[in-house]
Amino acid sequence: MNQFEKQIEGVVDRILEDYRQDREIDQMDIFRHPDRDVMVELIQKLRRIIFPGYFRDKNYHIYNAKHNLAVLIEDVMFNLSNQIALVLKGNGASQMEAMEKAQSLCVAFFEQIPQIRAYVDTDLQAAYDGDPAATGMDEIIFSYPGLFAITVYRMAHVLYELGVPMLPRMMTEHAHSVTGIDIHPGATVGRYFFIDHGTGIVIGETTVIGENVKVYQGVTLGALSTRGGQSLRGKRRHPTIEDNVTIYAGASILGGDTVIGQGCVIGSNVFITESIAPGTTVTIKNQELQYRQRKS
Amino acid sequence: MNQFEKQIEGVVDRILEDYRQDREIDQMDIFRHPDRDVMVELIQKLRRIIFPGYFRDKNYHIYNAKHNLAVLIEDVMFNLSNQIALVLKGNGASQMEAMEKAQSLCVAFFEQIPQIRAYVDTDLQAAYDGDPAATGMDEIIFSYPGLFAITVYRMAHVLYELGVPMLPRMMTEHAHSVTGIDIHPGATVGRYFFIDHGTGIVIGETTVIGENVKVYQGVTLGALSTRGGQSLRGKRRHPTIEDNVTIYAGASILGGDTVIGQGCVIGSNVFITESIAPGTTVTIKNQELQYRQRKS
Amino acid sequence: MNQFEKQIEGVVDRILEDYRQDREIDQMDIFRHPDRDVMVELIQKLRRIIFPGYFRDKNYHIYNAKHNLAVLIEDVMFNLSNQIALVLKGNGASQMEAMEKAQSLCVAFFEQIPQIRAYVDTDLQAAYDGDPAATGMDEIIFSYPGLFAITVYRMAHVLYELGVPMLPRMMTEHAHSVTGIDIHPGATVGRYFFIDHGTGIVIGETTVIGENVKVYQGVTLGALSTRGGQSLRGKRRHPTIEDNVTIYAGASILGGDTVIGQGCVIGSNVFITESIAPGTTVTIKNQELQYRQRKS
């Protein structure tokens, strides 16, 4: 045993010792936790179920796409119900209770897949109608981060509404990581939702968004203050955005009592903490700029 | 068959039924679509071609790097031409036409690799010169999201100029996902382009950027309004940035008639919709702040 | 040999020829470079060492988690010391020197793992206390990008302080890619650090942050100007944030002489280049908005 190997032995012992402090980060009950990698794979498979002809399965040469999709749906149902069972067990359910409840939640989720697809189809249409750079529907399905974030949110929201713990947020945070768009699964979002570019968007847990709303990069739909911390849990903290509203890049709309009336246009970088009457266009009045000419 | 299995059967049937509505999201013609995962792998291989000594191939023990690179280039040319053929078929070309045209587009693209590398070499130099935190060229090549986004953009732009549909945008959106930097492949960007930090940058389809330009995080080079939607397709909507311009974090420069003259410095958070004369430094005049002292 | 194959041959020759220009991007000495993919895998394994019960190893069925962790720690120590040796060789050390120094740096790093875990445990607590949407510690560990970015930063900072070249920045830029949060490994950050949402945050190399600080999405802790480029290397360019400061979304605090006193609250979008006395709340005085009602 050379010196490095001896040092490794000592280091290993000290780290194992450090695990014995029983803090939150020292918890070892791995069999009561969901598996993050499995969840990411399930998101990708669910995307194939939502857009059946666009993302392929590498494992099969497909003669009959429907057979393949049937196999895929069964696979996702089994694996998703296992993950749900794990988090239910983590929350204290018995093995038996957890599995039964997980299966019924999973069936309830899949019953809503056609409804999710009906909504996502409107989001796709909204992206095409709203973006002059879009050359076709397939380009949007393959490339647009906004549509991906909305699709994952729509699935996560159904699980959130069914009361599934933890997994909905893991799903939307995966989409956040991929797209820079952070939509809490608790938010409520109507049909024909369009997000352009999207990086930096934050949509908080108790936000309510109507139909046909457009949101650009860097927009925050947030809370006025979160200094109350955990005491604010469950309270309405985020705004209401009514139908046909457009919110341009970098605007912030804050507060649980703030209602942006239907048809409003909120300009870039506008900062709003009060309600706006329907049909209003709000822009920054004048950003006083200073121009200094370089001598040359 | 237990109850869960019976329920799965019912769910599968209802989802397969839902696929029969012939909406865009119900399209099943998977063999006319490019493969997103293959495209991501091609981007990684193309990066190895651009920076031959920096990113390794795990599959070979390399005795002769050049043999390995020759094999790599052939591999990418075959696979990229297959993906191009798929999108051409998706746009209506016959199998034969698609393959022939794809191969000639692919050769035309690779003919420009030395030109792309010449540009990327200037971008690398610009990053080193512009960032006091940079400790060396290799650190920039391995770590800097800006250089990665620019490299992918430069390759995608060549494919875009050659008229290849869909794939250029898939490439830049992959880079957007990895870096938070959204450069449309249609934009035109001169040599020595430096992006620092980069998250939240948006550079629109018809933007024209000169040489030696620096852009920081959160900058938008965008359209004034996209309410025209698809009717604006192909029109000039994004600004012109001339040589030696620096644009600090969070600034927005909008509109197809907006020209930022050479040597301008655009300050943080400045919002510009009109042209600026060469050599001008533009900053926000005064952001009136309110200071409230907490009693203690 | 068909026409495409002949063209490929020509292209390969021209690209190989292009590699002979001896620019930075033409460097081929692959055995003196770290391996980016190995580093990403090491980050994931290090996360399992920091949070031993939360992220599993797919390769083992674990009967005894501690045996498994011991194996994991050994594995990471061997592989990390190899990567350190590669960058030391790249900086000119001999094979023998590089390996010896790398092993001693690696041991020094691992000696600080308990300290890193003690800090990360406070960050976890701060996230739970600060976010009304958090339903539990496990949700934060699995989902919150802020905690991930801080964890990677805390590990990278130890390596940076030990003088390991290049790898610390590769680590934080990986976290930047995953989360949109860009913390330079040179920054100094106290305990109980909370980042909410996080996309677009930039924390520069010479920033000093106290204890119990909260930072929201889009905040820049940056340099006033980087026009000096490489001549500024090593100089203090970024601000000091004292204990118990909250910095809301989109605020920018710039400059190496700027000190934000303890207990300050910096409002959304505030732009600061001068020091602020302790206990001050700074907000934008009035953003003059323009309201235009649409006729209907």
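So that you can tell them apart, the chains are marked A, B and C in the order they are listed, and the count of residues begins at 1 in each.
The rule we apply is simple: a residue touches a chain if its C-beta (ideal position, glycine included) is under 8 Å from a C-beta of that chain, and two chains touch if they have at least 3 such contacts.
Remember, it's a predicted structure, so these values are computed and weren't measured experimentally.
Undergrad: Could you check if the interface between copies chain A and chain C is built from the same residues on both sides, meaning over half shared, or from different ones?
TA: different
Undergrad: Report, in degrees rounded to the nearest 5, the angle of the rotation taking chain A onto chain B when the C-alpha atoms are fitted.
TA: 120
Undergrad: Express in whole angstrom the distance between the two chain centres, defined as the mean CA positions of chain A and chain C.
TA: Their C-alpha centroids are separated by 23 Å.
Undergrad: So which stretches of chain A touch two or more other chains?
TA: In chain A, 180, 199-200, 218, 250, 269, 284 touch at least two other chains.
Undergrad: Any idea which chain A residues touch chain C in the complex?
TA: Within the complex, chain A contacts chain C at residues 4, 7-8, 11-12, 14-16, 18-19, 23-30, 33-37, 90, 165-166, 169-170, 173, 176-177, 180, 182, 184, 186, 199-200, 202, 204-205, 218, 220, 222-223, 226-235, 237, 250, 252, 263, 269-272, 276-277, 279-286.
Undergrad: What does chain A use to touch chain B in their complex?
TA: Going by the criterion above, the answer is residues 49-56, 58, 62, 65-66, 69-70, 73-74, 77, 81, 103, 107, 110-111, 113-114, 117, 120-121, 124-125, 128-139, 141-145, 178-180, 196-197, 199-200, 217-218, 246, 249-250, 268-269, 284, 287-294, 296.
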